[in-house]
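The same chain A turns up in both complexes below, where it pairs with chain B and then with chain C.
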Partner chain A sequence: MSTTTFNPATSVQLEQQKSMRPWRKKPTKFTMAVTLAVVIPALIVAALYLTSDIPVPILLVVIYLPLQLIASGIAAWATKGTRGVADSVIIVNAIGASLFTVIVLVSVIGSLIVRGFRALSPHFLFQNSVYISPSTPLDYGGIGHSLVGTLLIVFIASLISVPIGIATAVYITEVRGRAVPYVRFFVQAMSGVPSVVAGLFILTIVVATGVFNQSAFAGGLAYAILMLPTVARTAEEVLKLVPDDLRTGALALGSTRARTVLRVVIPAARTGIITAVILGVARVIGETAPLLLAAGNNDQTVVNPFGSPISSVPTYIFNNVALPYPDAVSRAWGAALVLIILVAILFTLARVIGRGRVGR
Partner chain B sequence: MSTAEFEDVMDLDIQGVEASTVHPAGPTEMESRDLSVWFGQRKVLEGVNIAFPKNTVTALIGPSGCGKSTFIRTLNRLHELIPGAALAGSVLYEGKDIYDAAVDPVHIRLQIGMVFQKPNPFPSMTIRGNVLSGLKLSGMKRDNHDEIVEETLTAAGLWNEVKDRLGNAAGDLSGGQQQRLVIARALAVQPHVLLMDEPCSALDPASTLKIEETIRGLAKEVTIIIVTHNMQQAVRVSDYTAFFLAEEGTPGHVVEQGATTEIFGNPQEQRTLDYVNGRFG
Partner chain C sequence: MELRDLQSAATSHRGDRVFTRTVAGAAFTSLLVLAGIAIFLGLQAVPAFQTQGWAFLTTTGWDINTTPPTVGIFGMLYGSVLLAVIGLVIAIPASLLLAIFMVFLSPPRLAKVLTNLIDLMAAIPSVILGLWAFYILNPTAEEWQVLLNKYLGWIPIFENTSGNFLGTPFIAGFVLAIMMIPIITAVTREVLSRTPPDLINASEALGCSLWTMLRYVALPYGRGGIVGGVMLGLGRALGETIAVFFVLKIVFETNWDKIIESGGGSVATLIVSRFGEVSGPLELQLLLAAGFFLFVMTLIVNVIANLIVSRTGRLQK
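Then we have the complex of A and B:
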């Protein structure tokens, strides 16, 4: 994939190219109809907003969307006849639906920034919560210990679930053994396991029996249960996309099936497999319940994955957000903001690693 | 292909590739005996008996759907990878049945290489990596890697075009170059037999000609079996020809086989005459 950065020098060329795109030319009648269809509903809704007390969401969904549909329908009918109407309905709905998605996303991130930004500072990222009480001002304390915990737990979970997940996908798509339908069924069923159940499972099997304490390792085990089906199913899908030509090509060269999978099929699906890992991490990184049960909580920074209970960002948020102290609540929102940024950084990193091209 | 291009090829043919002469029939390298093939309940080939003399080129011709490609895939045991595939009869390689229980298909495929209709270079490897991939995948030990790369790419008629960018991704090559790359890849493991399933169907006339020259050159050391829909190509490259046909509702079978000059110049069967003259198929 080539990445072209925007270069001001090329904008001149773009201007010149515009005149070379005859399909962009539209008759005046069309331009007028489209302009009217956009402007009139917007004006009506703006007038209603200024003069009445109708709440904005209702105004948008109940009044603006139907109005826009009608206006676009009429405009399409006027310019293209009846066959244009269906087109306009689909286009307006598609634009509306995608706008809705963007608005939801932006408002989530927006509210995180509004409420959490106050808590952000260098020491918020690096300090831990020792000696910090809920009423301590924001000048002290941070989520360093929770960040370390989350990274450690996710790392352990990936270490366990990624190899098993890829091996499962290889069994389903490459080995094609007799158990494939059953394996696929169980993987599917596993993706329906509620996260709290995964936590309880590890709590009873590993922690309560005394094999391990509440710890990063126990938390990682609980996360791995949740990650595994996502990794396995996504990896299965991307391995299926590798053309059979490559498999027969490798076999025709005298390759064994194992070498075919390891040296040809998996490398060909590398980007997709990285996506599978990303989706797995995204699936678990915000899960709170399994860590409350399996990893516990701690105010100190812990790096030993086996020794003692460990904090994590989701449990930190959980413990702080409902407290009756404004500064504690701010810390929780700040931690949520950091978590989202952390996810963004991890994803970008994975994409950059995955983009690596063959050859020089 | 335009008429002009076509005449070009025919012209080049006369100048470039020597008219094929029938090699004296030496010892038989491969042989199919009473071979029948099924996909599930459907019988697609019946009673195929063909002998492939060592170091010759045999062309398999016939209309689409007559089982040529299926047949060629039984010769290196790729056929069995298709679910529901079945087979009766035997395929002898150097006198031994390759479907014998004691035979490892990996070992067979190492000696009987294959080039497919669609170029299938490995996208995760460089040009050089693709040429050498057969050695790595089969665990074969050969030292002089640089020599192998140059030798096989030259044989495939690609060396001059890629010698300065052996480290580039194989996917950056054009379709014709990719096809010549996979031919080089197949040659690097030094197979005794090379199966080619319409290797030129996706290529332009110039690349086609290069590959035909390659085939003629290779025939000194390798036994080549090539499926082709191009009558002129069969005449240009092959010593022997087998004509396959699947008449309505019946499985494919060999109608006529023999020296290429005979099949095209003096066929014994009316159906062969009609087919090689383009009257059907």
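Then we have the complex of A and C:
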């Protein structure tokens, strides 16, 4: 977000510097040095790749990277003197690190699309897995039951964590009691609770004591623990953006504090709070470990939140990943594609809504 | 202060007191949950400690069938740390360089695209990352490790006597690195971009190159935030379960230093791997005890991380 605060400033400045010194020669030498420094190592490595059988990772790490570093170093030394050499090392490595990250991301998303697409079909979204064994072809069965389960669990988690999260934010920004620093501290500490620990906790207090089975409700409780900090922190940021004028105005008109918060502040921050909820949902929707422990697994479509174990998209993926049947693995990829699309939709929604009025 | 005065002047209704108390009560839910986790998992840890004593933390093994069962999670605790360290060794330089590229080198438009990509990367659920690592990363990483072993095998950490290069701590650590990179990058980018432009311009005017500017201005300025970001990533890595579970072959030995030899472990994966075939209430209790120590470990890391991050935040204001 705030990269823009720095970058335009310097780029504007650089442009000014250029225009302010028209007598300065155009740096053709610089352009040429950079071009040579990029082209020569690439050509050498390409030639080696075609002519020899050096393994690709070695070619890249042991030959290309040092070559590129040396070439850039020489180019920098020729144009800017010794001071430029350290810069060139940083620049080459920074570009390398960025490329590495982008390649990893493209590989993840690309493989999801390529491998998951095969499993996608209308019935994959609507059917459940009651009569499906791992070897059943892709013409039958789907993740309908898991989608229902995920929606139910997320809904329950939202019912619990959204009011508490907003109340926490209201305490921090509106009530402004003495305990604000502590509340903040605990919310932050809570955001670090590992998901598997949240699942274990619900397992001990709800399932192992026999209050409920593994069920959507227990899974929802575990998700609520993970969701609460995200909702509370985002809602806090949003409520802070509501101008104090609105609060003083409402109070001056004779409104009580409760009314000020409920009728003025929260409605003013409405879109931002929706964003907070969406971000919370997006944070938890792919969590697997808590549901393995607290919600269990089921091949049937379950709508009763209390009675029986329930399937969800992440646990569906989990159960199909390592099966020795290509079609089961395809189902896992398909479910993963659906899950990442869900997450992407949620984040896009949050962005679009968050761009609304209160954002400024 | 004006708002304060108005508020206290307005607080005369009974409804307000109810409202304030309700909100304050809700605000302490997080404390309640944290305390609940500590107490309930801690209570479960007591019997485990009674039967195992300190051996629960200092030995390695998982044999439920003996009486009393001989169980120790030292190897798993060590494994958690080892995987996190491997992840950090990859993630810290990558994230720092990536953040430097985004803030100081790339055109603003590209930086915006990269920011969105990093956000997307942070949003990938770990089960999907695990799926990807199992089918896509595994064969590639196997090739890397064979090469590492072939040419650097004389260094003890790259030893591999079994010839099995799958399910290694290296692969699991690499997956953790992919999870940590977006976290560390986001925080680092944030603090680096907050370096006052005046300081940067001044250093340029004094003839600093990019490297000297980073070395003496930007990195010292953002040091606290960067360390905090690394700690946040570390907290995530210690608690990560599913992705590691897919790629790591869990063995109950302490694999001290052989990072490209098949087999390793972590507390979080131990819980998931044993939970499916839990033999009785006793084993469940032992798993809960393991969960308790995982909770304590991540809590400490996260608290330190948040203290560091919030302190730098205050300094910069």
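Basically, the second predicted complex is superposed on the first by the 234 of 360 C-alpha atoms of A that agree within 3 Å, B and C clash if a C-alpha of one lies under 4 Å from a C-alpha of the other, contacts with A are read in each partner's own complex, and residues count from 1 in each chain.
The rule is short, and it goes like this: a contact is a pair of C-beta atoms (placed from the backbone, for glycine too) under 8 Å apart; a residue touches a chain by one contact, two chains touch by 3 or more.
As the structure is a computational prediction, the values presented were derived from the model and not from experiment.
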| item | value |
| --- | --- |
| Which superposed partner A:Met190 touches (first chain B, second chain C, both, neither) | second |
| Contacts of A:Ile91 with chain B and chain C, given as first, second, both or neither | second |
| Of chain C and chain B, partner touching more chain A residues | C |
| Which superposed partner A:Leu246 touches (first chain B, second chain C, both, neither) | first |
| Touched partner set for A:Ser255, first chain B, second chain C, both or neither | both |
| Contacts of A:Pro267 with chain B and chain C, given as first, second, both or neither | first |
| Partner chain(s) touched by A:Pro314 [first = chain B, second = chain C, both, neither] | second |
| Which of chain B and chain C A:Ala167 touches, first, second, both or neither | second |
| First, second, both or neither for A:Trp77, with chain B first and chain C second | neither |
| Residues on chain A lying within both footprints (that of chain B and that of chain C) | 248, 251-252, 255-256, 260 |
| Complex contact set, residues of chain C against chain A | 2-4, 6-7, 9-11, 13, 15-16, 18-20, 22-24, 26-31, 33-34, 36-37, 40-41, 44, 93-95, 97-98, 100-103, 105-108, 111-112, 114-115, 117-121, 123-132, 134-136, 143-144, 147, 151, 178, 181, 185, 189-190, 193-195, 197, 200-201, 209-212, 214, 232, 235, 238-242, 246, 268, 271-272, 275-276, 284, 287-288, 291, 294-295, 298-299, 301-303, 305-306, 310 |
| Chain A to chain C touching residues, read off their complex | 1-11, 13, 55, 57-58, 80, 83-84, 86-87, 89-91, 93-98, 100-102, 104-105, 107-109, 111-112, 115, 163-164, 167-168, 170-172, 174-177, 179, 182-183, 185-198, 200-201, 203-205, 208, 225, 228-229, 232, 244, 247-248, 251-252, 255-258, 260-261, 282, 285-289, 292-293, 314, 317-318, 321-322, 329, 332-333, 336, 339-340, 343-344, 347 |
| Chain B to chain A touching residues, read off their complex | 76, 78, 81, 106-107, 109-111, 113-114, 116, 118, 120, 122-127, 133-134, 136-140, 167-172, 182, 185-186, 189 |
| Chain B partner contacts - residues on chain A that touch it in the complex | 243, 245-246, 248-256, 259-260, 263-264, 267-268, 270, 357-360 |
